[in-house]
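What follows are several structures.
Each of the next two complexes has chain A plus one other chain: chain B in the first, chain C in the second.
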Partner chain A sequence: MTSATQPVVKLTLRLLSGPAGAVLVMTAIFVVATLAFFAINGREAVSLFQEMVMGAFGDSYSFSETLVKTAPILLTALAVALPARLGLISVGGEGQLYLGALFGTGAVLAAVDQPGWILMPLMLTGAMAGGALWGVIPGLLKTRLGVNETISTLLLNYVGILLVSFVVHGPWKNPNSLGWPATIEFPAGAILPQFFDTRVHMGLVFGIVAAVILHILVTRSRWGLGLQVSRSNPRVGATAGISYERNVLIVMAVGGLLAGLAGIAEASVIQNRLQDGLASGYGMTGFLVAWLAGQHFLRIIPLSVLMGGLLASADSLQLYAQLPKASADILQALLFIIVLAVASLWGRRRTT
Partner chain B sequence: MNIQLYNITKRFGDVTANDGISLDICTGEVVALLGENGAGKSTLMKMLFGLYPPDDGAILIDDKETTIESPQKAMSLGIGMVFQQFNLVPALSVLDNLLLAYPKPPFWTFRRLFRKSPRKAVLTYLEELAPGLAPDTLVRDLSVGQRQLLELVKVLNLDAKVLILDEPTSVLPPQEAERLWALIRKLAEAGRSVVLITHKMQDVMACAHRVVVMRAGRMVQTLDRKQCTESSLVSLMMGDSNQRSAIEVTPREAFANRPPRISIRDLDARHGAQSVENIRLDIAPGEILGVAGVSGNGQHLLADALVGLTPLARGEVIIDGHLLQSAGRPPSTSDRVSYIPEQPAVNAVAADLSLTTNVALSHFRHLSFFPTWAPEEQLTRKIIQRYQVRPDNPALAAGQLSGGNLQKLVVGRELEGDKDLIVAAYPTMGLDAGAAHDIYQALFAKANEGAAVLWISEDLDDLMSYAHRIAVLQGGRISGIFDPRECDKLDIGRAMTGEHQPARTQLPPEQKPADPQVRAAS
Partner chain C sequence: MEYFTTELLTLLFAALRSATPVLAVVLGEAMTQRSGVINLGVEGQMLLGAMTGFAVASVTGDPWLGVLAACFAGIALSMVHAILVLGCGANQIASGVAVLVLGSGLSAYYGTPFVGDKIDTLGNLNHTFVSDIPMLGQFLGPITPTVLITLLAIPAISIFLFRTRTGLRWRSTGESQDITRNLGHNPMHYQLAAIAFGGLMSGFAGAALAVDYTANWVEGMTAGRGLVAVGLVIVARWNPWYALPAALLFGASEALNLKLQSWGVNISPYLLATLPYMIPLSVLMLSYRGLRASGGGMPAGLRVVFQSAR
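Presenting the complex of A and B:
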């Protein structure tokens, strides 16, 4: 090696040992793993992989479908990341999403004859209230009774999902639906605005705006500082006059509110009604995205798009390549394991 | 076993913690490593114990160069270390703790099956050093001194020929320190070497053969104990910064006729197994009220209740006629009440946040919604400079500083601004004489400006020199209030252990709490 090339090599090595190198390695391993997965299924791996990428980002239609899936992932990821900034591990995104849909739909059904400018705010408020409620309940259980928030949010997910199931099979079932368990179709005034003739809706805007605002609040404001202090040492926070209990309730409520918005957006734009199987696991995907992003609000945005792309392309693979539906979950799981393993390997290397 | 450290150098980032240090440790010798906080004493010994590798230099054991890459290696060589923070399991018994630390033969030798329980072996040293201590006592019921003995026994059980003790007397009451000195001398006579890391002159004078003085990472001088005097050591240890002004406390006349600034009335509080009961105290503006007592007698709870971290079960706390805390109300903290808790490194800083942030916490309520950090950083620099916090970078995470430096930072933070009440628990514990001096000076200056000071300490000498009155806590109650001009240490010692008061104090202890009100008012 000549002395001239040495600094270049050194610089490259330095870059590779940083986050950029980690991302490169993650991508490489993920591509290889996906190819292997397709090959095991007896498919033409490379062409199917191309298909998959095209199915997510190939043309404007597939990209719009990616963004449609991005919105709920983004919002539920925020619902996890905010409590995590206080050291809480909430897995309640799914339940909060269902409760948002439930309360939002309740508002729509109650005011179904009203014009859009009344109906829309009512619906959104209802959704936010529902989601927030499903965040505040575990928050109160935590602050008053010391119940572990991870367990309570996990269990409340089932309650939320089944509550929706109950109303669509029972009191809110559309009598004219020939036994199909769903509410009536939402009136036009209760359909969230969409963009450019696609299904991409306001929910995405809510998510991005919320991510940016939360980022600024948590990293720059006194309130955010309070969260950091309470997370690091609650006793010191208490001495400084920062109420851990109040902050628990705030982050759980705000997180729930965002997930609730995701829920009503799904019901209003995607399904046009409230019905079973509303979210297809967005809450869990959001949880994983939040942890992949290290609870960093701005990093959550691109990761949500990526994950939305994976889900959207899995849909198209299912349609065109006849892969089973579970393959989306398998690819998702591969991605998470690879990212987490590589990230921790890189982190360990840097500390030693 | 002879150990030679040759030209050892260790750097942490830009800081040189040890700069070319050479040191011999001979068999049967007690070497005192003397120096202020941050002089590099512990760093040097941690390298000998295998916790960090030296950047330069060599360690020779019996004239053979040896790399000590881990504490396990150090122990197998016969080097043992007792740290300032004990490494014991409080919920287990003395015997279990000793067994935990005792090496077991590896399972594949099957020797465990045939050998008798090592119970007798692990207890030999315990019986020798602490004959009265029952092996089935739980560690959480032991006093600090007993815990330290237990740590020492653990190290001896590993057949250590060289014992390194890191600031062993900083946690001990005076009687126990004396016992430890005797023990160290005995160990040396038995042919072991002892390295005593300390900043206390008494330790050096009581048991060292040789004194190695360190300052700012360098070895200043090695002296035979017989050659040196306390004052010569102090000046060696501190260098030129030895010129310190006297500590001034508020003259009694200044507050003799003033109404109390703080009134604690019939205060009860409970937390877990701890409780304080029936605390009645008044503190005048400018007055320094010392609180003495064996640690664990309710000091912590009393302090927490005053500053608003624990709700009161009964009674109230009044500041200048305003209710600060009262039973049945949620406790509240205030910017005008300062709190220096014990172990500030654990209880008073957010370890992963910067020094600037940690300083800003003292006036968190007054930060604007989007805080501007320039003035906070300036304030932090001021505190860092005034109390000589090292390293002096306000952007460092607090966890990167040593306990002593964090303590100085916390004290500086809490003494900043106007204060009505300052609750200081062991504010100088573990600090060297110079830093302690600065802290006392700053704390008592704050009293002179009109703050009431409640000063919790175990150091009776300091309490007797500076406090205006000394209240003794025993079993969660005040067992006596003394005027240091009219009592001696033994009186206070008796109140601390709960022995009955001799006739010399005019009032029986039950009525004592009422006394300060009379005194403050008259």
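Presenting the complex of A and C:
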């Protein structure tokens, strides 16, 4: 080895033993696992993988569809990452998303004749209130009774989904929809703005802005510092005047509010109405993304785009390659398992 | 009066049958948690068990083979949790959710061709000596084999856990891994066995649902039963005997839901369908009050997972 290349090699090795190396290993294992999954199921693995990447990022249309999926993933991931700052494990993004859609739609139906400048803020406020409600309930159960938030959020997901089914099959069902369980179409004033003639909508902007604000608040503000103190030792926090209980309610409410925005965006822009199966699985995907990002708000943004790409390409492959939709779930789970395994082993090696 | 008793008994036995899959998961998960490991993946294991059991029953024509295959499927998927948690030291909640998503994805992917198939059922106690028992025969008749197996598992698990040396070490692992280690045993062996047993029971629960109770496979058919069961483990205080009344809570709310609908009660079926989640959640709230005061029998090793999970 010449003396000129030695520092380069040394630097590379040092980078590889750090987080960059871990990411590289994860990516490599994931690509191999995906290829293996395709091959096991009798597919042309390599070409299908190429189509998958193209289906997510290949042209401007694919990429716009990727961003459409990114928005709800980003928002529901933030709904997981914020409570995680306090050591809470919320899996309630799905239910909060549905409640946001439910309350937002309620506002739209109540003020359907109003002009857009009244209707839109009402709709968004309703959505935020609904999502926040579905976050505060497990928060209250936690602070008042000590009920584990993971279990209560998981159970409330099912209740939230059923509540939406209730209104679209019952009181809010459009009488002219020929039996199809859905509300009336949203008026033009209740459709969130979209960009460049695509379906990419304001929800994405909400998500990015929220991620940046949360990052600044948590890393730079007194409140963020308080969260850290509260998390590591609620008693010390209490003596410094930081209420753990109040912080639990705040992070759960704000998280729920963001997931609620994701819900109303889906109803307004993607479906143009409230109906069953509004957004199956975004809440769970958001949970995975938040963990993949290590609950880091800014890292959530690119990872949401990546996961959005996976879901968008699964949609197009379902159409063009008859690849069942469930393969998106399987690939997500594989990615999550690989990242959990590698990250845990990496972390363990560091500490020992 | 007689009408009332009949209705009540019908409801109770209907509750028992619909509670069985949940009961099996509660028993398995209670055993897992007794070793200090929580596994939310039981929902996914149950789904994979249901799909595998139904598919095998459909292909081979033998529902018992389906039940057996379901148990193996549950164990196999639970090993993902074991590798992540025990092998890599990953967060237990996150790993559980990964297993949950994997199980629902795999079952949806490979289960599609079997949707709508007809399978032979395991049969029930009708036309046996049991259905000739006066008064009770009509209620005992519809009881199916998985109900009996699950009920028999209660005393079996209880004897193992509280009356055997291995059971003692199993419990001590959940309280303090150091104790087990100091006794010269590897706590990880017990936790591995505990996760596998949880996998077995949740796979079996899937078969009890798809092969026995409904004789049908639908994507996502467990509808949160596994997650309800994880909550009910707390209500049951990690005790196999209390698992029965806890699971009956779910069964009764589901039976009540169907009963109210058949009586033509003027409440939306979608609202009634929230009962199997709302009632266990409400009881969980009450249950937590006791838990806060006394610890309520929560394995100490689990407390670490619950309270400082980050």
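Quick notes on this structure:
Heads up, the rule we're going with is that the second predicted complex is superposed on the first by the 344 of 352 C-alpha atoms of A that agree within 3 Å, B and C clash if a C-alpha of one lies under 4 Å from a C-alpha of the other, contacts with A are read in each partner's own complex, and residues count from 1 in each chain.
By definition in this document, contacts are C-beta pairs under 8 Å (C-beta built on N, C-alpha and C of every residue); 3 or more make two chains touch, one makes a residue touch a chain.
What you are looking at is a predicted structure, and each value in this text was computed from that prediction instead of being measured.
Once chain A is used to superpose the two complexes, chain B occupies space next to chain C without a clash. Considering which of chain B and chain C touches more of chain A, the answer is C. Of the two partner chains, chain B is the only one that A:220 touches; chain C does not reach it. In the superposition on chain A, contact is made by A:154 with chain C only, not with chain B.
Of the two partner chains placed by the overlay, only chain C lies in contact with A:284; chain B stays clear of it.
In the superposition on chain A, contact of A:242 is made with chain B only, not with chain C. Centred on chain A, the angle reaching out to chain B and chain C in the chain A superposition, using CA centres, is 70 degrees in steps of 10. Once chain A of one complex is fitted onto chain A of the other, the partner contacts of A:228 are limited to chain B, with no touch recorded for chain C. Residue contacts after overlaying the shared chain place A:91 against chain C, while chain B stays out of touching range. Once the two complexes are laid over each other on the shared chain, residue contacts for A:333 go to chain C alone; chain B is not touched.
In this overlay, which is a superposition and not a single complex, chain B and chain C have their closest Cα atoms 5 Å apart. When the two complexes are superposed on chain A, none of the residues of chain A touches both chain B and chain C. Against chain B, the residues of chain A that register as touching in their complex are 220-223, 225-226, 228-229, 232-233, 235-242. Put simply, chain A touches chain C in their complex at residues 84, 87, 89, 91, 141, 145-148, 150-152, 154-159, 162-163, 165-166, 169-170, 231, 284, 287-288, 291, 324-330, 332-334, 336-337, 340-341, 343-345, 347-348. Within the complex formed with chain A, the residues of chain B that make contact are 307, 309, 332-333, 335, 339, 341, 347-353, 357, 360-362, 364-365, 367-371.
Here chain C touches chain A in the complex through residues 40, 80, 83-84, 87-91, 93-95, 97-102, 104-106, 108-109, 112, 219, 223-224, 227-228, 230-231, 234, 268, 270-271, 273-274, 277-278, 280-281, 284-285, 288-289, 291-292, 306, 308-310, going by the rule given at the top.
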